[in-house]
Amino acid sequence: MDKLFELWQTTGIYQIELGQLIMILICLVMIYLAIRKGFEPLLLIPIGFGGILANMPVAGMAESGGLLYMFYEVGLLTTVFPLLIFMGVGAMTDFGPMLANPRTLLLGAAAQFGIFGTLLGALALTAWGIPGFEFTMKEAASIAIIGGADGPTSIYVTSQLAPHLLGPIAVAAYAYMALVPMLQPPIMRALTTEKERAITMTQLRVVSKTEKIIFPILLLLLVAMLLPSAAPLVGMLCFGNLMRECGVVERLADTARNALINIVTIALGLAVGSKLNSEAFLQLTTLGILVLGAVAFCAGTAAGVLMAKLMNLLSKQQINPLIGSAGVSAVPMAARVSNKLGLEANSQNFLLMHAMGPNVAGVIGSAVAAGILLNFVG
Amino acid sequence: MDKLFELWQTTGIYQIELGQLIMILICLVMIYLAIRKGFEPLLLIPIGFGGILANMPVAGMAESGGLLYMFYEVGLLTTVFPLLIFMGVGAMTDFGPMLANPRTLLLGAAAQFGIFGTLLGALALTAWGIPGFEFTMKEAASIAIIGGADGPTSIYVTSQLAPHLLGPIAVAAYAYMALVPMLQPPIMRALTTEKERAITMTQLRVVSKTEKIIFPILLLLLVAMLLPSAAPLVGMLCFGNLMRECGVVERLADTARNALINIVTIALGLAVGSKLNSEAFLQLTTLGILVLGAVAFCAGTAAGVLMAKLMNLLSKQQINPLIGSAGVSAVPMAARVSNKLGLEANSQNFLLMHAMGPNVAGVIGSAVAAGILLNFVG
Amino acid sequence: MDKLFELWQTTGIYQIELGQLIMILICLVMIYLAIRKGFEPLLLIPIGFGGILANMPVAGMAESGGLLYMFYEVGLLTTVFPLLIFMGVGAMTDFGPMLANPRTLLLGAAAQFGIFGTLLGALALTAWGIPGFEFTMKEAASIAIIGGADGPTSIYVTSQLAPHLLGPIAVAAYAYMALVPMLQPPIMRALTTEKERAITMTQLRVVSKTEKIIFPILLLLLVAMLLPSAAPLVGMLCFGNLMRECGVVERLADTARNALINIVTIALGLAVGSKLNSEAFLQLTTLGILVLGAVAFCAGTAAGVLMAKLMNLLSKQQINPLIGSAGVSAVPMAARVSNKLGLEANSQNFLLMHAMGPNVAGVIGSAVAAGILLNFVG
Amino acid sequence: MTSSEMLTEGVELMVLGMGSVFAFLIALVFVTNIMSSVLTRFFPEVLPAPKPAPKRAAASASIEPEVIAVIGAAIKQHRARRN
Amino acid sequence: MTSSEMLTEGVELMVLGMGSVFAFLIALVFVTNIMSSVLTRFFPEVLPAPKPAPKRAAASASIEPEVIAVIGAAIKQHRARRN
Amino acid sequence: MTSSEMLTEGVELMVLGMGSVFAFLIALVFVTNIMSSVLTRFFPEVLPAPKPAPKRAAASASIEPEVIAVIGAAIKQHRARRN
């Protein structure tokens, strides 16, 4: 009978706390959205499942010695996982459309206003003492990077500046990336005229193999010279891309963008999930993070579109301002949104390839912004 | 000349001990059986080869700083490897046949009698002082889990309760899994009549995609609520299975059941091999372990068959008792044995899919039993 | 303004040192040669890129906590990476041609004169006080192993004997392997007559599957008995080869020679690159290493060819001395060189398969030589 | 632990263990049955209709095994060349 | 840090941050343009000519989709059997 | 270590090293030869007979290269579309 009572005491029903129950429900919603609505399933399913595992009482998978804890310690706090993901992203990315029209890099730059504007906003709200917004400089910077619309960059920065916020920030980053098709179009429509949206762009020139090979090296050297604190992220992106483009290490590139990135994604997702505990997540600040994240996405989108309009004022080679919003990255969703709205305005207006330029530029832009934040705040 | 003598002193011929020689011979036999007789080669070849490497004098591959030692420390003692294997198994397993006929879960429950009966037996033999059977509670529990007919579960439990017995227990677990086609049929025939063996079963209903997606989550939640100490094992199984069934992370599921599980299998096998040293293996207790392991398999098989017969007594929907033996797991070998004996009795009696139900139920059952043992004994 | 000045102080332009700049240029040349000239790109691209990353100021990727540093500490100093590479090489290697004509093992033995002759040379030059040649015994042994024409063996030995020389030695090893088509032919022509080069060899007998399965086990046992210090390297080679040949673990062999070796190659390359710092590389001794490495390759080539001629004197079954040079390993480049020169002398003289025998024998030979050096010097 | 204590412990563990395993798996049977009936009642899934167009299917069936064989042979041949 | 200091800091960071991002990416635009023009001027790459032999191409085009479909179906069928 | 000691050590190492390498590989030659002769004498392996049915083989040979080409083209086309 003692043993039976002992057994009862070790059941989850006996031991579970309300916070854990709520977190499990949140994770179930996350998994539902990932499966049924297609919300970034590659990350949100491991994160959500990791969250459930982390919130089971007794099992202790997110505590010292547990599997999720080990993934977190070995791969996340060390930044190994996000850097390997960036290498894989590099091995998947075709910088061709951007090289055919390098001016689109400026759109990727403008969209980073989402990051820095949000940083200012977070600090202002904290300064004014609004409830839910009580952030230190490091926390504010980690939250602001959500506006970079780039999951691994967010995780990389947060793991170094404010690891206790990793759960809510990573979830917000991927959730908003999934919401891009809903968040962006209203802003894009509000800031453009029907005529602007119908602008067709000339076909992109063919980019030679050599340009594609030299570009990642050039980018790395420029980062090394100007902004070395962004070098780990940008460096691994360039390494992956060089493997992809150089043509002589296809087997390495293939592994980097398949087996390796998949393994790391599983482990990274579980590690992030391990931080979805109620103490960190069920806070008023989480609401603040979600609000700021949404603001960041919208600000970045708006800045990208407005930059495109500014460029049209200054140059006679017109670009469709719809591709400006793709500068927030969220590859390739944001570019697809640009394409869709372009087709709505003019059924012959295929913007996809044109939007891929600012889209990949946004990846570089937010990695650069991450470097700047780590430099000043870290 | 000094150097030459020094060289001679570092040869294996000079340094090897009898125990090492015997262990190498045992490993060679293991490799032979794996290659020629198809005895679980995926595990027994790495284990056997690891055993040879571990027993070479001077090289020190199983000692601090050696490769096998590192695999053991980093992957096995931490339980990372068996848990990743379970994730891969989840990504391979189709719970469909079980969902079409959930009653077969009871067969998977009954077959765990192999575990608990053997535990009692081991304790009884120890209590009575039979030579070769001198086990502590933790050792007895690790040995009993061999009856779960599930390699990674055995390794997971043993690495936590009695790591010094890892070598013999892992070898016994995989060896008996390989011997299923020889061990089970006599018991199955002895416990069933010709008429029972000829019972045909109605075709399984089609299981919807949604059921398959929800099942792993449901199973995880039930484990979390009722038996959290089984949560790591069952949780990773469910995670792998959700990746498989949800349909939106196919690339992750594919990596989990191919590249990742293969890498882990190689390292796990070598790590287990590193524990095949003569001090641990060439003991009378190893014989005891082998005897108890065989008993455990047979008891589990018998319990599964008898449970099926009991269910036939209580319900009018008849099942063929031959599928009861598949409840020990040993996927898919045990199910094939059921199928083979069914065809012998009735050439139109295809039991394979029906036996897959208890077969995968047995995986869940032994993971649950492992959790119970860890809870009480650990 | 303060912040702006601070920013300027953290730029690479402000912080970079001349040594770093030179190292980056050297790495760029390495990458250029790898891409355009096909110089061992699988290793030299990761090494070169790792070298650039390691020499960027501020980023600190090769310092404690950096990604490259972690790869170096976790994978290279522990010898895990080179051993896993050896396993993959084993899973790729067909020992068939060597088994069909085991005498070719002697060519693989002779070519190791490149290692030991160079060791003597390095010690002699040090003893005579020639500038650029100031090596300790351990350093000399690490350098000499370049003559084994086997990258992972060089890295394995150097990481244990002289890790501070890892950068120049690994680069020299892979560079000379890439230069085999230029270094070997003059020596081969100088040491053979037109008539010798035209010798045709009888077609190799078919080697049975069983021979191929038993060979790696036999080799491992022989190493265990005679030269256990070579056992880790040879053991992992044999393990990979057994997985390849046994036919029952194809999925493991496939992962060992694809996903796993690719992942390890990327990480190993970056880890080696982390040691390409100016303090270790921009030394007169690096020139010494390059000179000795070239000597080692040439000596090995010559010894292989001369051994073949000696064997022709002693036996009536003539072999073409051109296949002797393949004994240095550098698989499969050296065998292709033999084939090319054979065809020049006689357009019907296909030596490729005959040269594969000494070629893979050379891999075994240099692993054995590595064991001997580790035994005496380590 | 004396030997009789050990035996008692073993019996206790067996009863509790088998009891827990059965309790858990019976609970799982119930929960699974409930899930399946809820799903089939409230969220019936439109099962893929059996492949229509028998003519085309028949044609493809007559082609496929051959093509599969050809592909298999091609791959085998390719591998053989590689080795 | 007082709240007004925090705000000042935030404004400063925004100006510096956006400034740096733009400075860096403008530099990248320049460098990329220079690279491209140097390459096209001094190392013109012979682009692959558009596929000739329209007849063969047409023929292959008419075969391929069918073959692809057959292969796809074969794989699907094979997978279905496996499950 | 004095320089002459170093030289002596080097010579010693070379002799011992090359000696060991040769000793080991000669032993390997012997052992391999013994294995092969034991195997061929006591466990002769039935080698796969040369492919019979020349007619069928010829037919398949005439099909395969074409099919391989088609598959290759299909894959290339598929990849091109993806990028």
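As written, the chains take the letters A, B, C, D, E and F, and residue 1 is the first residue of each chain.
Simple rule for what comes next: a residue touches a chain if its C-beta (ideal position, glycine included) is under 8 Å from a C-beta of that chain, and two chains touch if they have at least 3 such contacts.
Keep in mind that this is a model prediction, so the values were computed, not measured.
*Asks:* What's the farthest chain from chain D if centres are computed as the mean of the Cα atoms?
*Replies:* C
*Asks:* Look at all chain centres (mean of CA atoms) and spot the one farthest from the centre of chain A.
*Replies:* So the farthest one, by centre of C-alpha atoms, is F.
*Asks:* Of the pairs A-D, C-E or A-E, which one shares over half of its contact pairs with B-D?
*Replies:* Looking at which residue pairs coincide with B-D, the repeat is A-E.
*Asks:* Please decide if copies chain A and chain B contact each other with the same set of residue positions, more than half shared, or with different positions, and reply same or different.
*Replies:* different
*Asks:* Once you find the CA centre of chain C and the CA centre of chain F, what distance in Å lies between them?
*Replies:* The separation of the two C-alpha centroids amounts to 18 Å.
*Asks:* Using Cα averages as centroids, what's the distance between chain D and chain F in whole Å?
*Replies:* Centre-to-centre distance between chain D and chain F: 40 Å.
*Asks:* Spell out, as numbers or ranges, the residues of chain F touching 2 or more other chains.
*Replies:* 16, 20, 71, in rising order.
*Asks:* At least two partner chains per residue is the criterion; list those residues in chain C.
*Replies:* Residues 3, 7, 223, 226-227, 259, 376 of chain C each touch two or more of the other chains.
*Asks:* Across the complex, what residues on chain C touch chain B?
*Replies:* Contacts found on chain C: 78-80, 83, 87, 213, 217, 220-221, 223-229, 231-232, 235-236, 238-239, 242-243, 246-249, 251-252, 254-256, 259-260, 375-376.
*Asks:* Along chain C, where are the residues that touch chain E in the complex?
*Replies:* Residues 3-4, 7 of chain C touch chain E in their complex.
*Asks:* Can you list the chain D residues touching chain B in their complex?
*Replies:* Touching chain B: residues 1, 3-4, 6-7, 9-11, 13-14, 16-18, 20-29, 31-33, 35-36, 39-40, 43, 45, 47 of chain D.
*Asks:* Of all residues in chain B, which touch chain C in the complex?
*Replies:* 3, 6-7, 10-13, 15-16, 24, 28, 31, 34-35, 38, 41-42, 45-46, 49, 52-53, 56-59, 61, 65-67, 70, 258-259, 262-263, 265-266, 270
*Asks:* Show me the residue ranges of chain A that touch chain E in the complex, using the header's touch definition.
*Replies:* 99, 102-103, 105-106, 108-110, 112-113, 115-117, 119-120, 122-124, 126-129, 137, 140, 206, 208-211, 214-215, 218-219, 222-223, 226-227, 361, 364-365, 368-369, 372-373, 376-377
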